[in-house]
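Same chain, two partners: subunit A is paired with subunit B first, then with subunit C.
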Partner chain A sequence: MGKTILTVDDSVSIRQMISFTLKGAGYEVTEAVDGQDALDKAQRETFNLVLTDINMPRMDGLKLLEKLRGLTPYKTIPILMLTTESCSEMKARGRDAGATGWLVKPFNPKSLLEIISQVTK
Partner chain B sequence: MSTELEQFYEVFFEESSELLAEMEACLLGLDLSSPDPEDLNAIFRAAHSIKGGAGTFGFTDMTEMTHMLESLLDKLRKGEIEIRSEMIDTFLRAGDIIKGQLAAHRGDGAADEAAAAEVSNELKQFSEETTEALNIDKESTSSTTEQPDHKPNEAKNVVVESLPATSKTEQVSFNIEFSSSGINSKSLENLFSNLSDLGKFEKLLVSDKEQNCKLRLTTYTCEENIWEALAFVVNPSQLKIEKASQTEAHTSTKLDVSSSIQIDEITSDKPSKTAVETENSACEPYGFFSGAPAAPIETEKKVKTESHSDPSVEQNILEEKSFPTDTINSLPIQKQSKPNAPTTETTSIRVSIEKVDQMINLVGELVITQAMLAQTASEVDPVIYEKLNNGMNQLERNTRNLQEAVMSIRMLPISFVFSRYPRVVHDLASKLDKKVELKTVGEGTELDKGLIEKIADPLTHLVRNSLDHGIELPEKRIATGKVAKGTITLRAFHQGGSIVIEVGDDGAGLNREKIMAKATERGISIHEGMSDQEVWMLIFEPGFSTAEKVTDVSGRGVGMDVVKRNIKDMGGRIEIDSVQGVGTRITIRLPLTLAILDGLSVAVGDQMFIVPLTYITESLQIKNTDIKTVNGVGRVVHVRGDYLPVIALHEIFNIKPNATRIEDGILIILDAEGHKAAMFVDALIGQHQVVIKSLENNYRRVMGVSGATIMGDGKVALILDTTGLVMASHKDSL
Partner chain C sequence: MTDKAPENDELSLHSGTELETDVNNRIYNVAVDEYFLNIKSELNQIDRLVNDAVTHLMINFEYINELSKSQHEAILDIKKLSASRNNKSVLELLNKQIVITDKNEQELQSVLTALQFGDLVSQLLAHTTKQIDTLKNTLQHIDYIRNTSDSEKYKQGNNNEISMAVQLAVTKKTNKPVVQHEVQKGEIELF
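Take a look at the complex of A and B:
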């Protein structure tokens, strides 16, 4: 069985693209439209990895990170943040919130698969 | 980028269009005096999302525009800059540009590059105004930092060149290398100008045969800013940014370095080591945080472990953290308190309109088949075939429900049209220096998709007309005792089988004398006895315009007649009510749907006709004494105190009737928009739901007939154009 990944992005095109890329590489992908949706889904099922956008309505990625890290099954699983904001401030905030790593938008499918494969080994 | 991304283009286009519409609505709804941070956030997020998608899918022109938009919006939402009405206009125009770029990428026309450049310049100016204001602050601080005593500590190891300089007071040279293939020259130009904003900038090599660009930038800014400036134009995997070696570096760097050696005791203002950690990684499209849960071990070496041993850094992280978490915490809570906050996830699916139309056609056929079966079944003994009869009844119910459900697929709320007018009104009002508020009522009213598309242009014209000719200038409004802000009201509701759309304004109203004078001038035949209603209708005559001055807004004298024709083509009708000094209301009535109607079948001779049920008030037989013949009017019948003109169908269609005398047949009293008439037929047959087949498409237009249908027995029956017939009977009798 492939590893399960929860991908969180409010942009449907990005979500579909990530989903398509990851599914093509054999991962099982669940999509969530924002932090709240992701949190709901993460509470129902424990994923092997979470890939989240930062800037989203309802609940943003940083808040989601904090919330997920507060859940026992998510204390140690990789959570990656996907962000157009490559400045150090955002990264520092992501790290403080408990992110494992980051992926800068715009990204290509190759770097997406690279970073995922590094943490799902 | 990758061609496999192309399959997501359409989704991205749709999504971006929605985001742009959302952004526009937010912009127009923004209260400039105290902008709702939630709105600003929503606008920012829209720009941000489009940028992210455009970057990923490789639409660089959109990325550039949204990037500028986003940076300015970011400053706005952070309160670094006050929002002004000119900005809204520029934002709106930027939105238009992005729409144009979207359309161009879709293969629909070309993007207006000149306008794009103009708007991006404006955005840049707004942004620079802020940075100038901020720079004043910075300059004042940097002037103090230049004095050795106050200079913040760069820490010894900064000087020992193992770390890239991050301080604003230290200049560093970077060598930048990337492949310029796939980047158009305009984007490249923009890129160069963005870089030159960052510092001293040299082009070492630009676009040789291998399309390599080598640049050197000597700057105070940190590497990641350069990275950011480039990342939206250049494919990050093809981009290399390196710190130039010391010998290459500008001499000023050395000066700064030497001065900073003297003061290594003072605690750093900036967490230089955290910067190091992220800075190194800024060159990477992705990376991991050391010590973070589940981070791969090999990446740890990337990160300097000493950053954690430095207490000042830890403290700085804490300080940094306290600011963002406050703002972040407050956002989702506010958002959640909004009950119907729109989420991007929609539960709809996109289906091509052909499929829907095909389904409607098939259901139409099904309705006909069901009617045929019902007719056959009605001929058998209901006692013996009770089960069959029950089944037939159920089939009829189910068919009707199915038909309604299928028809509703084509129905869209009129908000699809109404939503474009806030922008129209905003733009035009500012152009004309008028103050106008747009109110919409009944946006949820549904009508056929085909009508939605066709009604948009005529409505736009009417709204513009109301604003231009109806609403007065603020001074004039105040002088006449009105509030300075005019109101235009768009209202939609269902009435009988029609949908009614009203465009109302509280402006000056129509001027009877002016219109009459103009009509005379234009050679339109008029007479003093004309009712106001008739006078108002004159403005729909071709070539009519009462505006003293022709503006580029309306009043070219073309339009209103086109509006009327368009409405008529849709099977609709237009009316005007106006009171001078109080306002004008234009009412459009459209048929609800064009495909199916409830009708009463009537017989005249051996022919069968369908009368739309919505127009029928009653049917009755009449005594000879109630029939009068009036000179020049023709026959009228006296029904419940009214004298109504008689529509004799056998005369209109030249059929030999079974009943030649009115008292032998049946009169159907019709009411078409307030006008009544009595239709004379041989007999009533029954009530049906009929599928309208266009006569024009299959034959040609026939006076008095709006279409045809196939009856249960397979015969064709004509559907009467009730309104046309009633109106004609009134004209004849006038």
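Take a look at the complex of A and C:
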């Protein structure tokens, strides 16, 4: 059974592209449309990795990150931020809240898979 | 842009000229609201068109990717069959075909990166829409001050009020969510 990944993005096309890339590499992918949807899904199932956008309605990626790190199963699970945001202030907020890494969009499928493989070893 | 309707007793105190000004302001306000609504509607239209285009391109992309994979598998099968017959020229041609399909697959990876332009455009459009809202609110604020201040005071303080309102809009300005100028792979940092 492949590793499970929760991917969070309010853009349908980005979710499609991430799923396409990850499923092609053998991962099991669950999609969430925003932070709240992701939190609900993460409470029902523990994923091996969370890949989340930042700017989303209802609950943004940084809030989701804080909430997930507050849940026992997610204290050490890799959480990657995949966002258009690249300012150092925002990155520092992510790092302080417990993000494992920061990927600036657009992503390259090969690099994304390499990073995921690296942090889920 | 002030929506506040005058009370009945207030209305009776207005002179004819003030009433005319009030009516003119309302017409002006409706026109300004329509103007901003039209801009926002056009931005929404751009967003929908871009998203629709990306959705179609993504369907085409997945189909081409499937075809490319099938082609790659077929070439490998033919190569296996040809190997037993030791036909050198056919094997050479098949090797060339394998190089082409490999290159196709690499190009498809770049296409997936480029297709993310839709998300960048959507975020920029959302940011511009917020700025337009802020501008509209600033103009409403200036208009409110103009309509509620007595004219002499307004004339004296007008510039200050405009500056204050613009300053308010600037402080409300949110960070630009997209700084990229090209659709190229973004940086990666592990903490």
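Keep this in mind: the second predicted complex is superposed on the first by the 121 of 121 C-alpha atoms of A that agree within 3 Å, B and C clash if a C-alpha of one lies under 4 Å from a C-alpha of the other, contacts with A are read in each partner's own complex, and residues count from 1 in each chain.
Please note the rule applied: a contact is a pair of C-beta atoms (placed from the backbone, for glycine too) under 8 Å apart; a residue touches a chain by one contact, two chains touch by 3 or more.
Keep in mind that this is a model prediction, so the values were computed, not measured.
S.K.: Putting subunit B and subunit C onto subunit A via the overlay, clash or fit?
M.R.: clash
S.K.: Pick one for A:L71: touches subunit B only (first), subunit C only (second), both, or neither.
M.R.: neither
S.K.: Just to be sure I read the superposition right, which of the two partners does A:I115 touch: subunit B = first, subunit C = second, or both, or neither?
M.R.: Both subunit B and subunit C are touched by A:I115.
S.K.: Applying the document's definition of touch, where does A:R93 land relative to subunit B and subunit C: first, second, both, or neither?
M.R.: After superposition on chain A, A:R93 lies in contact with subunit B alone.
S.K.: With the two complexes superposed on chain A, say which partner A:I79 touches: subunit B (first), subunit C (second), both, or neither.
M.R.: first
S.K.: With both complexes overlaid on chain A, does A:F107 touch subunit B (first), subunit C (second), both or neither?
M.R.: both
S.K.: Regarding the shared-chain residue A:G35, is it in contact with subunit B (first), subunit C (second), both, or neither?
M.R.: first
S.K.: Which partner, subunit B or subunit C, is in contact with more residues of subunit A?
M.R.: Looking at subunit B versus subunit C, the one contacting more residues of subunit A is B.
S.K.: Just to be sure I read the superposition right, which of the two partners does A:M59 touch: subunit B = first, subunit C = second, or both, or neither?
M.R.: After superposition on chain A, A:M59 lies in contact with subunit B alone.
S.K.: Once both complexes are aligned on A, which of 4-12, 76-84, 94-102 or 112-120 in subunit C overlaps with subunit B?
M.R.: 112-120
S.K.: Residue overlap on subunit A between the subunit B contact set and the subunit C contact set?
M.R.: Overlap of subunit B and subunit C footprints on subunit A: residues 11-14, 16-17, 20, 55, 84, 86-87, 91, 94-95, 99-111, 115, 118-119.
S.K.: Tell me, which parts of subunit B touch subunit A in their complex?
M.R.: Checking each residue of subunit B against subunit A gives 1-2, 4-5, 7-8, 11-12, 15, 42, 44-45, 48-49, 51-53, 55-58, 63, 222, 224-225, 227-228, 231-232, 235-237, 274-275, 278-279, 281-282, 284-289, 292-296, 299, 317, 320-321, 324-325, 328-329, 331-332, 335-336, 341, 343-345.
S.K.: Spell out the residues on subunit C that touch subunit A in their complex, using ranges where they run on.
M.R.: The touching residues are 51, 54-55, 58, 62, 109-110, 112-120, 122-123, 175, 177-180, 183-191.
S.K.: Could you list, by residue number, the parts of subunit A that touch subunit C in their complex?
M.R.: 9, 11-14, 16-17, 20-21, 55, 84-87, 90-91, 94-95, 99-111, 115, 118-119
S.K.: Looking at the complex, which residues from subunit A come into contact with subunit B?
M.R.: 10-14, 16-17, 20, 33-37, 53, 55-60, 62-63, 69, 75-80, 84, 86-89, 91-96, 98-111, 114-115, 118-119, 121
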